[in-house]
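Presented below is the structure to which this report refers.
Think of it as A, B, C and D in the order they're written, each chain with its own count starting at 1.
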Amino acid sequence: MSDMVNREKFGDVVVLHIRTNSVDAVSAAAIEAACNEMQPITVLNFAEVSFINSAGISVLLKFVVKARKAGYKLFAMNLSPHHQKIFKMVEMSRFMPTIEERDLSSYRQS
Amino acid sequence: MSDMVNREKFGDVVVLHIRTNSVDAVSAAAIEAACNEMQPITVLNFAEVSFINSAGISVLLKFVVKARKAGYKLFAMNLSPHHQKIFKMVEMSRFMPTIEERDLSSYRQS
Amino acid sequence: MQDNQHVEVNIPSNPIFERVVRASAAEIGEALDFPEDRIEDLKLAVSEAVTNAIEHGNQNMIHKLVEIVFALDQEKLEVRITDQGSGIGEMILPSEVVMITEQTLDERTGGGFGLSLIKAMVDDCEVQSSNRGTIIILRLYRKGQEQ
Amino acid sequence: MQDNQHVEVNIPSNPIFERVVRASAAEIGEALDFPEDRIEDLKLAVSEAVTNAIEHGNQNMIHKLVEIVFALDQEKLEVRITDQGSGIGEMILPSEVVMITEQTLDERTGGGFGLSLIKAMVDDCEVQSSNRGTIIILRLYRKGQEQ
């Protein structure tokens, strides 16, 4: 897998840490490759992401489509306030609700 | 004093936290104003500074000149590796040596 | 900020250079003392317009240019993005933000957000299109700001 | 990176816009996969050249423009900074980095770092000056990089 996304797996959970600040047309393909790493519970960590445009939204939708097909749960973590606004606007938040670090930590321990 | 520099004073020591990422021609005047806050031991904290050019170096020299005249000690803290290189190159480091957070903490406690 | 200052950026139709324009937009927003959230809005709108100019307008032909003019005055920031394409066929500026629905996902479309996001991010936008290219004009007013 | 791509930025002679050029330079360095430290070098060199063009070349006359061309090819990044001033009177490119000395401090000069820093930051630089303006050309080679 590309070094644009780092995988952290525990049990049925995988956290995909996006390691680029810009989810856009340039980084889309490398991020899409991480679709293959999805697990029944998949969390996308946006902590390092400072920019997402519609090319970025399109690639995130690939994760949504795959999660729906496989019956997986998909969450977004550490979204900036601006991106929370955008996700609400386009209703991405319906398909990829946000999760807090602290909710995740219970999974990590188990 | 401008909100481009925050002052933290304890005893004879003042830490001047530079609150702009760019020490350049645009921010020079607001930073120079903080010269008036100097104490016998003055530390400039560059933690938030990601860029310094020659206009920035010129304003830092005002602090050096004032320290020499008053017999004050002047230090730089949290300089990025790039700026450590530049400070060595122009020999700013001779007149404003770097100090570590941990060396400062002994002053803070006393 | 004095009246009518223009910053101009020209890029070849390579998506990597959209990032250059976006970074320029961010600095110009800072120069105008826009609040942080408004700078994010500006970056997104400019990014979408430049991406459209590269992909739809200039059809990724690297030698075709996208010209971006940032015109600053006391009242507003106007950004004009011009491509060398053959224009927008049917000109429909979306009136509402396009949303993701079950249908979007089933049909794996997932496009069409660009123009609607632009409209949502700026105060005012305008498109002029002919068979010699498209100009999209974005306006962000400096209301409620010290000038 | 395909051959000979040009990104062009034009700014009025207002120091605030030097930051726009500097941000563009950083993104172009990223696009070329320059290591972090080299991007810092590039930003500093471009910043000094643009500041000189604004202050010494165009003498802060806001309506005079500074034109910056970033020319990228497989071998190098070349940055050309052009002003509309009356040229550099006596043309001395410093051979060594100017350093701060006791004398600098006593005389409160503290200038003259610009050109010497530029020389230290780039692989190669060249100045062409006439009474119609000055062009400074900076070159950073992409040696040891995948191309």
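Just so it is clear, a contact is a pair of C-beta atoms (placed from the backbone, for glycine too) under 8 Å apart; a residue touches a chain by one contact, two chains touch by 3 or more.
Nothing here was measured: the structure is a model prediction, and the numbers come from that model.
Asker: Among the remaining chains, which ones contact both subunit A and subunit C?
Answerer: Chains in contact with subunit A as well as subunit C: not a single one.
Asker: By the touch rule set out at the top, what is the minimum number of steps from subunit A to subunit D?
Answerer: So the least number of steps between the two chains is 2.
Asker: So which chain is the furthest away from subunit D, centre to centre on CA atoms?
Answerer: Farthest by centroid: A.
Asker: Cα centroid separation between subunit A and subunit B, in whole Å?
Answerer: 41
Asker: Could you give the separation in Å between the centres of subunit C and subunit D, each centre being the mean of its C-alpha atoms?
Answerer: The answer is 28 Å.
Asker: Subunit B to subunit D: how many Å between their CA centres?
Answerer: About 26 Å separates the centre of subunit B from that of subunit D.
Asker: Check each residue of subunit C and list the ones that touch at least two other chains.
Answerer: In subunit C, 16, 19 touch at least two other chains.
Asker: Touching pairs of chains, all of them, please.
Answerer: Here the touching pairs of chains are A-C, B-D, C-D.
Asker: Name, in rising order, each residue of subunit A that touches subunit C in their complex.
Answerer: 22, 24-26, 51, 53-55, 57-58, 61, 64-65, 68, 80-82, 85-86, 89-92, 94-95
Asker: Under the touch definition given earlier, write down the residues of subunit C that touch subunit A in their complex.
Answerer: Interface residues on the subunit C side: 15-16, 18-19, 22, 37, 40-41, 43-44, 47-48, 51, 55, 97-101, 104-105, 108, 110-111, 113-114, 117, 120.
Asker: Provide the residue numbers of subunit C that touch subunit D in the complex, in ascending order.
Answerer: 2, 5-12, 14, 16-17, 19-20, 23-24, 26-28, 30-31, 62
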